[in-house]
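A, B, C and D label the chains in the order they appear, each numbered from 1.
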Amino acid sequence: MSRTSEYIADGIHEECGVFGAYDFDGGEVASSIYYGLFALQHRGQESAGIAVCDTNGPKGIVKSCKGMGLVNEVFTQESLASLPGDIGVGHVRYSTAGASNLSNTQPLVLNYVKGTLGLAHNGNLVNALKLREELAYTGAIFQTTIDSEVIAYLIARERLKVGNVESAVKNAMGKIKGAYSLIVMSPRKLIGARDPFGFRPLILGKRGNTYFFASETCALDAVDAEYVRDVLPGEVVSITRDGILSDTSLCQKEHARCIFEYIYFARPDSRLDGVSVYQSRIMAGRILAQEHPADADLVVGVPDSGNVAAMGFAQETGIPYGVAFVKNNYVGRTFIKPKQSMRESSVRIKLNALREVVAGKRVVMVDDSIVRGTTSARIVNMLREAGARQVHVRISSPPFLHPCYFGTDVPNEEQLIAHSHGVDEVCKMIGADSLGYLPAGRLHELLGGITEGDCYGYCRACFTGDYPVEPPTEDIRGIM
Amino acid sequence: MSRTSEYIADGIHEECGVFGAYDFDGGEVASSIYYGLFALQHRGQESAGIAVCDTNGPKGIVKSCKGMGLVNEVFTQESLASLPGDIGVGHVRYSTAGASNLSNTQPLVLNYVKGTLGLAHNGNLVNALKLREELAYTGAIFQTTIDSEVIAYLIARERLKVGNVESAVKNAMGKIKGAYSLIVMSPRKLIGARDPFGFRPLILGKRGNTYFFASETCALDAVDAEYVRDVLPGEVVSITRDGILSDTSLCQKEHARCIFEYIYFARPDSRLDGVSVYQSRIMAGRILAQEHPADADLVVGVPDSGNVAAMGFAQETGIPYGVAFVKNNYVGRTFIKPKQSMRESSVRIKLNALREVVAGKRVVMVDDSIVRGTTSARIVNMLREAGARQVHVRISSPPFLHPCYFGTDVPNEEQLIAHSHGVDEVCKMIGADSLGYLPAGRLHELLGGITEGDCYGYCRACFTGDYPVEPPTEDIRGIM
Amino acid sequence: MSRTSEYIADGIHEECGVFGAYDFDGGEVASSIYYGLFALQHRGQESAGIAVCDTNGPKGIVKSCKGMGLVNEVFTQESLASLPGDIGVGHVRYSTAGASNLSNTQPLVLNYVKGTLGLAHNGNLVNALKLREELAYTGAIFQTTIDSEVIAYLIARERLKVGNVESAVKNAMGKIKGAYSLIVMSPRKLIGARDPFGFRPLILGKRGNTYFFASETCALDAVDAEYVRDVLPGEVVSITRDGILSDTSLCQKEHARCIFEYIYFARPDSRLDGVSVYQSRIMAGRILAQEHPADADLVVGVPDSGNVAAMGFAQETGIPYGVAFVKNNYVGRTFIKPKQSMRESSVRIKLNALREVVAGKRVVMVDDSIVRGTTSARIVNMLREAGARQVHVRISSPPFLHPCYFGTDVPNEEQLIAHSHGVDEVCKMIGADSLGYLPAGRLHELLGGITEGDCYGYCRACFTGDYPVEPPTEDIRGIM
Amino acid sequence: MSRTSEYIADGIHEECGVFGAYDFDGGEVASSIYYGLFALQHRGQESAGIAVCDTNGPKGIVKSCKGMGLVNEVFTQESLASLPGDIGVGHVRYSTAGASNLSNTQPLVLNYVKGTLGLAHNGNLVNALKLREELAYTGAIFQTTIDSEVIAYLIARERLKVGNVESAVKNAMGKIKGAYSLIVMSPRKLIGARDPFGFRPLILGKRGNTYFFASETCALDAVDAEYVRDVLPGEVVSITRDGILSDTSLCQKEHARCIFEYIYFARPDSRLDGVSVYQSRIMAGRILAQEHPADADLVVGVPDSGNVAAMGFAQETGIPYGVAFVKNNYVGRTFIKPKQSMRESSVRIKLNALREVVAGKRVVMVDDSIVRGTTSARIVNMLREAGARQVHVRISSPPFLHPCYFGTDVPNEEQLIAHSHGVDEVCKMIGADSLGYLPAGRLHELLGGITEGDCYGYCRACFTGDYPVEPPTEDIRGIM
């Protein structure tokens, strides 16, 4: 019934999923978007939204439904039925605790000089604050704290100067800096665009006469659509009644695809920029085995994202792969911790070790990353309590040393255990017998053909500090 | 969990209530605003909202809670507790069916070049579409369809030119036309303003060191505040730490206070612009008795708004006043009509006649207005079924002949029974033995001292078509 | 989603409303029951429920929907549609704070030896604890704390001995003592029964081939049904396909109709046992005027129940009747009092005095009763603050001196101001200029033809302590 | 706000989880029960409930919270805080569609001759209808359709004859037939009991001075409790202030532990009756490999329950184990299928195949069972579409041929594909290259030491039709 919001400029680093659809046969797209968002749920569990438009109806009538929670909490049979339209855009959003509120849900829907726009955005701008300030000095007002609102303003203002919305999008892209994969719905066009560095993925798909944009190919699978191609970094793809138009004038040679999409964010059944996420994780496991072999009886993964790399490790070494953990899938967004004092540890609630599997064994435990180290310590301890004789931790990414400004919530240095502690120290802190990280120098092998010299083919700034785009210098909470 | 909205420009004529508070002693104002809105609930039952700010906290952090429904549905103990702040503004909103959605709830909260603003608005602009068009052509984007967003843009743009927010408000007022009573909260100031014609009421009150703005005095009573004075038509009142400042430079001689506030909208225990609503209704009843006497045994009012005028009629004629109807107060916003076919009439659900009171009597039935005539017909019929020998209908307003563009939902001509039918016809259609309206020529008597020649002292355009401000010419749904 | 309940035997004295329907043409009755309950909402706002059965469907399939809250909160279009059936029973329930929970909602639905039963009960048994104990000693288990469960057990056990459900109901009535108006739905019959003293009302109505039972005639009006007759005290009326059967073998000469139904509980547009509630209140006002005249300028009622008596006072004395209070109808069940300290008084929120009406006047204020005296004191004070010169309080019932055990929540002696204070003291405590109660000796005049000697025609035990049925001696929370 | 229920006797075969706790140090147990139920969520997702009692408070005050939905939907911080008590019992429930309603949620809480009882029950009685009939003929009434109510009646009636509640439980057990693991909370005792055949598991655990009963050991892990022992089939264990008492007088030699608990129901990290669920699944895979080897490149499991058996198959054969499916964990209880026609298949929503893993491979796909065959067909097809050259299906249980009457929802013969089709036919119908089931004759190997001759050591009636207890003969919906 009500929404409570703290209105404040909070430069949240977020990870999101976007999905768009346009059915040239006039069929309704809301259910496909629902399924697509559902397949992208792992990219954001905080809020979800769908906006649709009927391209044959009165121009500019956009209907939308947005809400806090999971896709299947936000949408009901009834609310989907209230979203007629053959063109539409959807969004799932994650944001760190405390900054979540209904007014920040996407897609953003707005009227501007030429009609109506719907926008869904995945990524993070680095010059959003500067742009907000400039826009405010020419009379803009802001009702949300999301970057999409800044982008919308720029598109609206560019649209005053140029003849069509896709050009306005392109011109706006000339002003924004950072990570963005964007789906824009105008009353008659669906536009997908990706920043010139290609930080975040965006895929084009097709089913009959219906075209789709999606953050990952797994969402195309969910709607039985076939993969057409990845939108290119810097490209603006317009799906219109006149055909699929591509503007590549902003494309550049240097790319900075987020390597962590492959290591952690994306679903293993997705392919991003032609590279299988599954294969890149198998490769990560193999590299770990080559770089940090272990004399062990068993390789296990920390569910779910460590599993595939663990299999790669097992394949490379011949050490048997095993399943050592049972994960409680019912630990949802709303799981509460009773206030009453209790000894139960919440890690035990989410994960339990299989004594039968690990007892008496020397275990290699593969996980995707270590942030603060506390969770790793608890899991190592759980294995020991279940009888593991040795626990060798292998991490399928290099140590986190720097924050991310491009759409993930890798936190500031002081919260990153590796920033202030060496490998040996971390090993001791998490109670492992040995610890090995993926060498940053071999990250490129995860992506197949890319060679090490191709230094901007992907972004690894959180490991190296080499930011492909200048990070924001001032405190992001500054101006407002 | 979710909100479903139809995004479309819908020039809804609405009636709202506004309330603001500023406690110079630093006490929290949310609970007072809650009580104030509660007393104004009759002015809008669709949605409610409160936004507050802590004038001693970090500048520009506004917290708000808004939702669909009644005040006591939207706010909980918990949500009120999450609204700390010594300055705040609240709003209750009514809008006709179909156009209601969460994104249109007020107060509007936004960031602009100089920080944060909260706005609550009662009224309706007549040049909103034109202003939206102009703003859009300079790059504005619109996320709602409410006039408050237009006003906010104008204030934001004026603020770029002038040194303080109250001047920006005044300058913005120079651009907007129509009906508005406005409360603006900036991080350190609470500003109340009223359009130069004074269509909608706005009152200033005080309790200790806390100052209030409210749509009606009954809301001041609810918070034990004393009445200070009405904000003047055209006046901008700024409550600041430096004192209560008044800018009357936009004040003018011609006023157009909505006469229907007295006849119907306002609570009878309120005083607006110094005139008691109760007294004006008693006067309406007396005038009706003088103009349209009836040979009758009993005078009854249609609850609730017809009761006081009925008492005036009884006082003037000496015919006994009686209570002929029992009203079911539990018919709320969410009362459903089961789809299953049934003979039960929904008027009977809301109202029942007292056979003991009316049986065998010649009854004068006083109501405030007739719009389409169908409800009046049902009530007259109900009296006859309860045994009334005669039913003489007296209406405490003149016939509705023209739509209202100034904040009420008096509909278009074709829906107004009096527009196409004479008094005798209407009398026959509603099944009355006689029918008498309040003569438009005596409306001024409801307001006490105002004389008939003072033609712009109040607005009676819905009866006469003499609009004090040019109504919008184009279809209000035009541009978008 | 969830219900929290405290399971404990809590002999709550409650006031409820019951409604039943049987359509011999096979039409669905849920919507009629919904409307009927809606008209009885004043008898209970805590919970509501409907149970229906299809007499032509598989025997014994009862569908029900019950919930906490008002009728229009509990039922939706969807839930009503899920209640097909041509026979049904409904209930609204009130209980004092703290003892309310979902498992106590009615109708009670259960399976027993001969199939399915639905029960709705208004009243309070005085031997419920004893019966519970006896039943428990023969193996009964109790899942609720409501008397209906005891009655259901007795019916079930009697049904083992006799050939039909109506006889079982009658035999069960031979065992229970106290106040009850009961509607029992078996798969093919709808039975209405009233205790031999007739404490609570129960009416029989008819619309075409549909028959109704209702607590008050106003519920018959709400479904456009005509009044047939009151169920007699002690009568069992069975609506069956073979006709309407009446068993009057438990009827007795001594009756004890609750006089407070007329003074306060029932709606003024109802007739109970042939007496108009409206007329009895007019009469109460007239008697007050005769017994306690006042030299005054104005007679006003405390809304809503004091209004009619005030009119009677005015009619008898010729002193003008006026409306002195505006009541806020939006103060619902869920109105919260913010925890933040505030000076606002909650009486002011619900009621506001009209200065224009009372200023400078000597006012007679008529109310239905005084329980603790605090509310009366606040209202008197409100009149004085609004300028009343004198406030003469007249109460349309005698002083409350004793608790009620027959279905109302008149509390224990120590909470009744009149139990420990004389009239003059109470007058002073509430700040009135004079105070007059209705004399207990004239209560019979409220009921029309009943003469004073007919001492058990009605129950006035809360005023006199002469209980028509022995009240329970042990603490009602005893055994469990 | 409301509950809609169909009241009908519906002998639903259900699978549930139970958990109880008693803290002799007087600490509150609600949070432990919450965590315990959470770990048992896989045993029932339809409803959840907790009832607690303070053994030091007034006797017989039980507080409970029950609701439809998952554990983390039913309980909030607030509702857990409203459940003080050092003794308590909890329940999660699953039932097939259509028969779920709030009144059937457990624990059942009731008053009887000796005070208050709370009951939680996992299993299914085969003579419930007969007992209901007998009870009804001695005056019982039934408000739910769950077996717990029958058991409660029997306990209540036995309690009249014997001196303590544990004896009453034991005597009641003498009358009920079928599957039950039962936790009974009386105001001062917590009693765990298991039917003499031991169909359903029940474990005793301990943490400090707190004792627990749980359906599985994984729930003990979740509260950091240690495993003490399994309650014996036929045993009544009473946890009282005087110690832990055991009554084994109903124990018998013949047992019928549900073999399907090991194959499917239980979590792999649980041990039941001393046997590791994980190990029994590994063994099932090994047996499958021995009985139905396959010339293949890869072994994969259908998540989640097929995974461990797949690993056993891989271990036995040396064929590499792989993960071929990505499961969408967000497909919850409330996932809706939009009504709009669409080509998206819902299997694809829940599960997606990894092309990289299976393309070009001969795949062994291990699943736990085949019921109707449709899901298996879709998954086989999914593997083929992902490029699998061959798909050899191996099922870690024998073919389902007969319904289960002991607490699971294995359906009637006509719905079991294996009942009317041979292995070859089923193989063709699901599109597999080969199909192999676990031989019924080797089921005992899953349980370790039990030998084949020990024919009643476990129940395999759904595979063989040899019911350890006579199944009910009449239609379970008969009498009511």
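Everything below uses one rule, namely that contacts are C-beta pairs under 8 Å (C-beta built on N, C-alpha and C of every residue); 3 or more make two chains touch, one makes a residue touch a chain.
Just so you know, these numbers come straight off a predicted model, no measurement behind them.
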In contact with chain B and chain C alike are the chains none
Farthest chain from chain D, comparing Cα centres? B
Between chain C and chain D, tell me the centre distance in angstrom, where each centre is the average of that chain's C-alpha atoms. 47
Distance between the CA centroids of chain A and chain C (whole Å) is 60
Using mean CA coordinates as chain centres, what's the gap between chain A and chain D in Å? 37
Residues of chain D whose C-beta touches two or more other chains: 73, 75-76
Chains as vertices, touching pairs as edges: which of line, ring, star, complete or other describes this one? ring
Report the residues of chain A in contact with chain B in the complex, numbered from low to high. 1-9, 51, 60-69, 73-76, 79, 82-83, 102, 108-113, 115-117, 132-133, 136-143, 149, 152-153, 156-157, 160, 480
What part of chain A is in contact with chain D in the complex they form? 28, 30-32, 34-35, 38-39, 41-42, 45, 70-73, 75-77, 80-81, 207, 218, 221-224, 267-269, 276, 278-279, 282, 307-308, 311, 315, 320-323, 326, 328-332, 334-336, 338-340, 342-345, 348-349, 352-357
